[in-house]
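In what follows, subunit A forms one complex with subunit B and a second complex with subunit C.
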Partner chain A sequence: MERILEVDNLEISFRTQLGKITPVDGVSFGLSRGETLGIVGESGCGKTITAFSIIKLLPKNAFLGDNTKITFRGRDISTLSSEELQKIRGKSISMVFQEPMTSLNPLYTIGWQISEVYRLHEGLDEDAAMKRSIEMLRLVGIPEPQKRVKEFPHQLSGGMRQRVMIAMALACSPELLIADEPTTALDVTIQAQVLELMNELKNKFSTATIIITHDLGVIAEMCDRVLVMYAGQIVESGDIFDIFDKPMHPYTKGLINSIPKIEISKKDQKKLSVIDGYVPHPSSFPDGCRFRPRCPTAFEKCLEKPPMIESEGHHSVRCWLFEGDDM
Partner chain B sequence: MKVYFLKRFLELIPIFFAISIIIFVIMNSMPGDPLLQMRMQNPRVMTNDPERMRELREYYHLDDPLPVKYFTWLKSVLTGDLGYSSMYKSPVIDLIASRLPNTLVLTITAWLIGLIFALPIGIISAVKKYSAFDYTTTVFAFIGISLPGFWFALIAIIIFSVNLGWFPVSGMATYGIRGFWNIFADRLRHLVLPAFVLGLVQVASWVRYIRTSLLEVLDQDYVRTAYAKGVPDRKVIIKHALKNAMIPIITIIALDIPYFFGGALIIETVFSWPGMGRLMYNAVISSDYNLAISCLMFLAIITLISNLVADFLYVMVDPRIRMGRKGA
Partner chain C sequence: MKASPMVEIKNLKKWFPMKSGFKSKSNLKAVDGVDLHIYGGETLGLVGESGCGKTTIGRTLIKIYEPTDGEFLYRGGDSSEGGVDIFSLSESKMRPFRREIQMVFQDPYASLNPRITVHDIISEGLRVHSMGKSREERKSMIAGILEKVGLRPEYMYRYPHEFSGGQRQRIGIARSMILNPGLVICDEPVSALDVSVQAQVINLLEDLKHDFGLTYLFIAHDLAVVKHICDRISVMYLGRIVETAETDQLFDNPLHPYTSGLLSSIPVPNPHMRKIGKREIVKGDIPSPVDPPETCRFVKRCPRAFDRCCKESPSLREVSDGHFVSCFLYD
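Up next, the complex of A and B:
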């Protein structure tokens, strides 16, 4: 399949009052047309800034490492001028954000906000852009779209707003959609609807998708491949069956074990297992394996930096336990 | 919407009467006797005869209880009679009618100058946060906020009128000029210094408000959404960020209108500008009761109107308020 995105050795650093910190380093992955990649990890793992770096939405004090290369359809993103970037954003690569409540501009109607994409990228006039926006709203399952386009974000529920965000992101049928925790802020029932909608639409437009989440349920629902991130590094990557059926990294196992299961009968109920401790701050990542202080199976070797060890197929893991399994 | 504004407008009426009572009571508690004042101003026509003094007191209702005095005053004010100025020897209403346009020209020009300078400076220093430009404006803003307007006025006169000779030192017009355009140019030359001083004094604080407000909005998620949509930077700032940032700014800029009239009091005095400010200053200095009360009431009305304007403007900008109050 055609590769549309190649992220090579991504290193993101920030100039801060604590000096230079590097919350993401050595992250590499690629994406083919129509493929869905999940990036999973706890808050503070660097998932979101990894995603933002792809369309250069990082804060001003952030900068990429010298060996970092992000290639989108053969073009190096870092060499693009801001005009060229503006042509890609919203047209070839779009984003859906975590907070539908605050991600829409409160002073403009949703119709105006969706049609802005058409006016910018397809040069449509206001009427034509508005017509396309109504179609798009119908596509994302908003009832009475002709009426709704005239409404302001505050008149819509969270789920509806996220549908509007999705409509806006998919307006120009982008090749790559980046969804940053698209369902985290929504009610459970609405989450399922939104996920189903995204699944349906990404198949319809054959959009490659990156989904960032801390929710393994979302990953299971949506993704072909998964990257598990911890403390700014990929600790395990593989296709979805590898990750769920044969998790290797202790962190991945920990994440899977911390999914609550609904058990009604008393004898099946047991205490939810948790990963002790917190994700370290980027200014104080531990030496060697970064998961070592929280790892139940850590040993002396873990004081050294573990490399990415490839297991069978495309399943790889950053853990000394699997040294020698290398194939 | 209409109902909302009607309600807001009706609310102003009791506030207006409350203010009128306060002003009336304060003015009447001022030390001094109007008759003595009149005699000082014109000793020849006034007698010292106690009987004649008593008659005069009665004639002017000076010994009436305060509430009675208030209602007598209110009745005449509401019928358009603001009384007679003991100092200018002319009806107060005529004085105000002749001075008000001058003050309006000065304050409106100053207000516009303030906006024209404050908006771009505030926007640039927010967008280019921590740049040399931002630091420079911050320093000047603090100097501007800390130093009094009359000092600026005097410095401006020394530099631009006395040393450079670009603008007249004071007054509003030169006598003996003919022709519409010549008169217009002459008025403009007189207007430049006082309007700039009055306007620029306000710029300092407005720049800070605009900067803060815009910075807050630039951090919002919907601004990031706009960038992610591929909206060009300029449009993101003007269409997406600035419109939101304007909501608090509008309130401040409209509510500051009365300060321009207050500031005009000093600036008009420094530049001998024949406006309301000087009228008010002279009225208070020479205990001209009717004139002083009328001027103070005028300031109160300006304040109330500015409030209403601020309300109106941000309802226009913000659909959340507009919709929320639709049924109200």
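Up next, the complex of A and C:
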């Protein structure tokens, strides 16, 4: 499959009152056409800003490291001017945000907001753009789209708004879709509707997708490959089945074991195993392995920074336990 | 299970009147005729999607909201044989039950007063209920409970902002547990927490229940958590209970079409059990609870609805031992 995105040695730092903090560093990954990549981790692990950095949606006080290179279809994103970026955003790369409530403009009808994409990127006139918008709304399963285009975001339910967001994101058939916690704000029956829709559309357009979530259930349902992030670094990456069947990093194992198992009956449920302690703040990441203070299997070597160690089948782990397993 | 329940809630209603211009007055029927019973020592789960009224039930039970109608019989503590109807008590007569029935709130950021120390937060209940003879005694009680919930006693002079989300939730739990309650209403106690911290708090709640012999009403929307912690589960939809059963019974043999749709909607964290493309989808959105029609509340989204469902409203009936469902399919 054609490789469309390459992120190499991503480092994101912020200038703050407390000095420079670096919440993401040494993150590398790639994505092929039609592939769905999941980024999973707890709050503050850097998963959202990692994805935002791909289309340069970072706050003003953020800057990328000198060795960071992000290539989208062979072009280095960091060298693009803001006009050139504008052409990519919404057309080749688009996003679905977590909060459908705050990411739609309350002052414009949803029809206007979707047709804006067509007017800007495809130069369509208002009527033609509106027609395409109605088509798109029908595609994402909104009933009576001719009527709905004239409505404002507040007239729609949460699930409907998220469908509108998806319609807008997919309007120009992007090559890359970044979905940041696309179903976290939704109820479970509505979440199921939206996940089904995303899956259907992905198969139809073979869009490469990055799904950012803390929900291992969503990851297991949707993704081909997974990156597990902890404290600003990838600690493990691999094929979805490898990650769930043979997790290697103690954090991945801990994460999988700490969620209640819905597939196991009540009488067979065991006490949840826990990861002791709390997620560290980016201003005070521990030296060496960042998971060391919470790790049940930490040893002396963990005071040094572990490298990413690749084992078979593109399954990589950042942990000294697997040193020498190199293949 | 024990013969007579510790808590019996009968026909509980909580309506919020709405102003609507020239139209006649309408009511938001957040809770509309709910029957629940909770046995001593068990954990009853109350699940449902946002807006179904589960949080309103929890809040009405401790009279944060004044109930519109219904009875709340409580047989815990030193009350008489037949139990007391909490809703009929005056504020002063209710005082001992305010200690007996405690609540753990969802949002560990909003539920702790940011301007007072942990010591003051926890000791307030002790002073109100005249527990602990002296300042010193109260202080040692607080140190004890902090240790019990996994916090260092020397943290008691810190302020809430100095703690993480999980630690704050422990403080909220300590505040409830120190009063030696009989019934604890946990309103989404772990839904604001990260997965690794969520597991810590779930284990803590289970340990405390075991050590203090507590009874929980556990309100949540995460069915995996509910399955793990609850003995029995009641499923709510738009202000009413649609199904109540023992946990495994409910998961293995859901009767109400809403329950089976809800269970099928959950993404399972196991890629070998992918349901994408083959799950039973509950279509449509949750309708508005403002003046809902007197039919089955689920009729518009139900794949198995028939004539009768659009005309009458089903009531909650016991169809097999301990399995209650409110659906005409089982009439």
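FYI, the second predicted complex is superposed on the first by the 320 of 327 C-alpha atoms of A that agree within 3 Å, B and C clash if a C-alpha of one lies under 4 Å from a C-alpha of the other, contacts with A are read in each partner's own complex, and residues count from 1 in each chain.
Quick note on the criterion: a residue touches a chain if its C-beta (ideal position, glycine included) is under 8 Å from a C-beta of that chain, and two chains touch if they have at least 3 such contacts.
Predicted model, so just to flag it, every value in this text is computed and none were measured.
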Partner chain in contact with A:Lys271 - subunit B first, subunit C second, else both or neither: second
Chain touching more of subunit A, residue-wise (subunit B, subunit C): C
Touching partner for A:Lys87 - first (subunit B), second (subunit C), both, neither: first
Subunit B versus subunit C as contact partner of A:Leu303, first or second or both or neither: neither
Partner chain(s) touched by A:Met222 [first = subunit B, second = subunit C, both, neither]: second
Touched partner set for A:Leu18, first subunit B, second subunit C, both or neither: neither
Residues of subunit A at both interfaces, subunit B in one complex, subunit C in the other: none
List of subunit B residues in touch with subunit A within their complex: 220-222, 224-233, 240, 243-244, 317-320, 323
Contact footprint of subunit A on subunit C as seen in their complex: 49-50, 164, 166-167, 194-200, 202-203, 206, 221, 223-225, 227-231, 247-248, 251-252, 261-262, 264-277, 279, 281-283, 285-286
Sites on subunit A touched by subunit C in the complex: 42-43, 157, 159-160, 187-193, 195-196, 199-200, 214-222, 240-241, 244, 254-256, 258-263, 265-267, 269, 271-276, 278-279
List of subunit A residues in touch with subunit B within their complex: 55, 57, 82-83, 85-91, 94-95, 97, 99, 102-107, 116-117, 120-121, 152, 154-155, 165, 168
